[in-house]
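Right after this note come the structures.
Look for chain A in each of the two complexes below; its partner is chain B in the first and chain C in the second.
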Partner chain A sequence: MKLTIGNIRITNIVLGEQSKVESGTLYVNPKELEAVVLEDSNIVSVKFDVAKPGESTRITPVKDVIEPRTKAQGEGGMFPGVIAKVDTVGSGVTHVLKGAAVVTVGKIVGFQEGIIDMTGLGAEYTPFSKTINLVMDFVPRDGLAAHDYEKSLRLAGLKAASWLGGLGKNVKPDEEIVYDFSSVTEGIKKYPDLPRVGYVQMLQSQGLLHDTYVYGVDMKQSLTTMICPTEVFDGAIISGNCVSACDKNTTYHHQNNPVVTDLFARHGKDLNFAGMIITNENVYLADKERSSDWTAKLVAMMGFDGVIISQEGFGNPDTDLIMNCKKVEALGVDTVIITDEYAGRDGTSQSLADVDVSANAVVTGGNANQVITLPKLDKVIGTQEYVDVIAGGFENNVQADGSIVVEIQAIIGATNEMGFNKMSAR
Partner chain B sequence: MVKEVERAGIPVVHICTVTPISMTVGANRIVPAIAIPHPLGNPKLSMAEEKEIRTKIVETSLQALATPVDGQTIFEVKY
Partner chain C sequence: MIDIDKLLTNNPMAAERYVSRFDINLLRGYSVLGVLKEVRNLVHQGNRLLTHPVTSGTAPNGNPFCSVVVSAEAGSTDFNSVSIIENSIAVREKISMNLKLPDTAIEDFMLIDCDMIAKGGTI
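And now, the complex of A and B:
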């Protein structure tokens, strides 16, 4: 499948009269966007705000971040099976409002949503301090159960991103990138001497608001399966997560999966990007065994020479990670795992809950327990009410001068396990 | 905790869902639990059925405590 991504560079978002994309500015009429998201009777009202890089602004509690995109040519639409019809995506032309992001804010679980700082030390840890964010803060109807609130907020964010993306449908992109995924036979014929590398993406699926959806299917109810890598660029995988902020994959991460883009960048040069497997992280041991058996079986059937495995979350998913790694390595196929660490504040504890000698090539997104101090910022979008109970926060962590001491666990995307971030120890 | 209590000379049964982690951390007697969010219950079952599985887990655990082991052993619960 061949997909062209047309990036329309967005350097400003202005709330105003007419909704349009013009000369790199996304103009949004809040009334029009409000009408899109208030179709849902579970949402009473929504407040829009714009947060720009460098501003003294904190956004919290953040639920999801989504990139505005639209299908400009070809089959299907954004977020198939959820917002658009379930038609197969991943081909044709997709326009992206590059540099803009929709950020949804709401207290669903309270302790499992995160922080985005647009300036200061915290900003260095989140990729969303570099995007221009249209923030939507929702008020749910009284008595709405947490799982319904999560769903409403999830869908509202996706609807908004899809609607905003649509404003760029007829705009000429500033840059075009072609992703061409070969079939198994084409790939072998074209690149007979290159190693066939596969990607195994593990998706959070623990239930109780820790879910991921693929074409609208709740991933905890799926067996391990395959997906064409170009499909992820069209929102085939979406986040339904309220897990620790640092290592949840937001929908934005899925739309821009760096393992996929990097494998494409090297496809036909020093490797043959031969396929992508998606698997889950369920809470029953039998599911973990079955799903990892299935991962290894698909790797064997596809005849991959090497596999990259990315994890989502931490704790018991460490076991899914190690099972996937161990079972693929047992086939004689090399693996590299991408994870993050909970090694304690001093970094001396065991990093993962499960280990195995076959996990001998590991990329880490960093130590989520690392403590940093976030400065007092002038403006808060949402509320700071939860910064002490948020995962990564602790009692009395707000200092007298207004600064907040947190583990980087509390910051959206800080230790992303797709390797989305640029910060390094070197 | 399992290891420290055993170090004091008292045998321990570790009831847990993710038995591979229990093996990694070095428990000697392991009894599988139901699921991570509900180790000793199952919201899909009736209260009476839940009590029954709980009883079986505890009985298996007591059996495990009284069984000599040479190394790390998983005692499956017979439902």
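And now, the complex of A and C:
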């Protein structure tokens, strides 16, 4: 499948009269966008705000981050099976409002949501301090159950990103990138001497606020399967979860999966990007066995020479990671795993909850227990009410001068396990 | 009558929600480590672990609630289960649980723990 990504550079977001994209500015009429997201009767009201890089602004508790995109040519639409019809995506032309992001805020399960600081030390740990963020802070109806609240927020964010993306449908992109994924036979014919490298993406799927959806299917009830890597650029995989903020893969991460983009960048040069497998991270041990067996089976059937495995979350997903790694290595196929660490505040504890000698090539996204102090900022979008119980926060962590001491696991995307952020170790 | 699987939990919400689904042992007031040690006792008696006892992706000191499902029947010792529960206890022993939680967070933690065992891939 061949997909052209057309990036329209966005350098400003302005809330105003007419919704449009013009000269790098995304103009949004809040009334129009409100009508889109308030179709859901579970949401009583929504407040819009714009947060720009360098501003003294903190956004918390963050539920999801989504990049506005639209299908400009070809089949299907954004977030298939959820917002658009379920038609297969991943081909044609997709326009992206590059530099803009939709951020949804809500205290669904307060302690699980994260922080985005637009300036100061915290800003250095999140990629979303560099995007211009259209923040949507929702008020749910009274008595709304957590499951329904999560779903409403998830859908509202996706609807907004899809609608905003649509404003760029007829705008000429500033740059175009072509991703051309070959079939198995084409790849072998074209690159007979290059190693066939596959990508196994593990998707969080453990329950409330721990779910990921593929074409609208709850991944915990799917067998391990395959996806064309270009499909992820069209929102085939969406986040429905709020594991610890630092290693949650937001929808934005899925739309910009760096393992996929990097493998494409090297495709035909020093490797043949030969396929992508998606698998789940469940709680029941029988599911873990079945899913990792299927991962190894699909790796064998595809004849990969090497595999990159990325994780989401920590704790018992470490078991899935190691099971996938062990079973693939047992086939004689080399693996590289991408994870992060919970090595204690001094960094001396065992980093993963599960380990094995076959995991001998590991990329880390950093130590989530690292402690930093976030300065007091002038403006808070959302509420800081949960900061002391948020993942990475701790009791009495708000200092007299208003600064906040947190572990970096409180910060959205700080130790991303797809390698989206900049921390690692050698 | 088919024996139903056992749920060991210190989470009153889970005990209430799954009352008709599991044979419930509510370990009210137990720490997570305490629950895991009770699970270990059963595993050494031959019950198999059905869910992974380490929670996933919650706050730094972990969720204070823990629910683990083990098989109804006790056969010969399942060494995979022994390995997992021993490793889980070792992981848990490194974590100090000293966070004083507000009431709203306590309910949220209960809910997350409850939901983790709600549904697997198998119908």
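Rule of thumb we're sticking to: the second predicted complex is superposed on the first by the 422 of 426 C-alpha atoms of A that agree within 3 Å, B and C clash if a C-alpha of one lies under 4 Å from a C-alpha of the other, contacts with A are read in each partner's own complex, and residues count from 1 in each chain.
By definition in this document, a residue touches a chain if its C-beta (ideal position, glycine included) is under 8 Å from a C-beta of that chain, and two chains touch if they have at least 3 such contacts.
Remember, predicted model here, so these are calculated numbers, not experimental data.
Visitor: Determine, for the superposed arrangement built on chain A, whether chain B and chain C clash or fit.
Guide: Pair status: clash.
Visitor: After the superposition on A, what does A:T319 contact: first (chain B), second (chain C), both or neither?
Guide: In the superposition, A:T319 touches chain B and chain C alike.
Visitor: Is A:V398 contacted by the first partner chain B, the second partner chain C, both or neither?
Guide: neither
Visitor: Return first, second, both or neither, reflecting whether A:V243 touches chain B, chain C, both chains, or no partner chain.
Guide: Second partner only, chain C.
Visitor: Is A:Q409 in contact with chain B, with chain C, with both, or with neither (first, second, both, neither)?
Guide: Second partner only, chain C.
Visitor: Which one hits more chain A residues, chain B or chain C?
Guide: Greater contact footprint in residues on chain A: C.
Visitor: Between chain B (first) and chain C (second), which, if any, makes contact with A:A353: first, second, both or neither?
Guide: both
Visitor: Can you give me the overlap between the chain B contact set and the chain C contact set on chain A?
Guide: Comparing the two interfaces on chain A, one with chain B and one with chain C, the shared residues are 206-208, 283-285, 288, 316, 318-319, 353-354.
Visitor: For a test of understanding, state which residues of chain A touch chain C in their complex under the given definition.
Guide: 109-112, 146, 204, 206-210, 220-223, 243-244, 247-248, 280-288, 290-291, 313-319, 344, 349-350, 353-354, 369, 386, 389-395, 407, 409
Visitor: Considering the complex alone, what residue numbers of chain A touch chain B?
Guide: So the residues of chain A in touch with chain B come to 206-208, 283-285, 288, 316, 318-319, 322-323, 353-355.
Visitor: Okay, in this complex, where on chain B does chain A touch?
Guide: Contacts found on chain B: 17-21, 24, 32, 34-37.
Visitor: Quick one: in the complex, what on chain C touches chain A?
Guide: Touching chain A: residues 49-62, 69, 84, 87-88, 91, 94, 98-102, 104-105, 108-109, 111-112, 115-123 of chain C.
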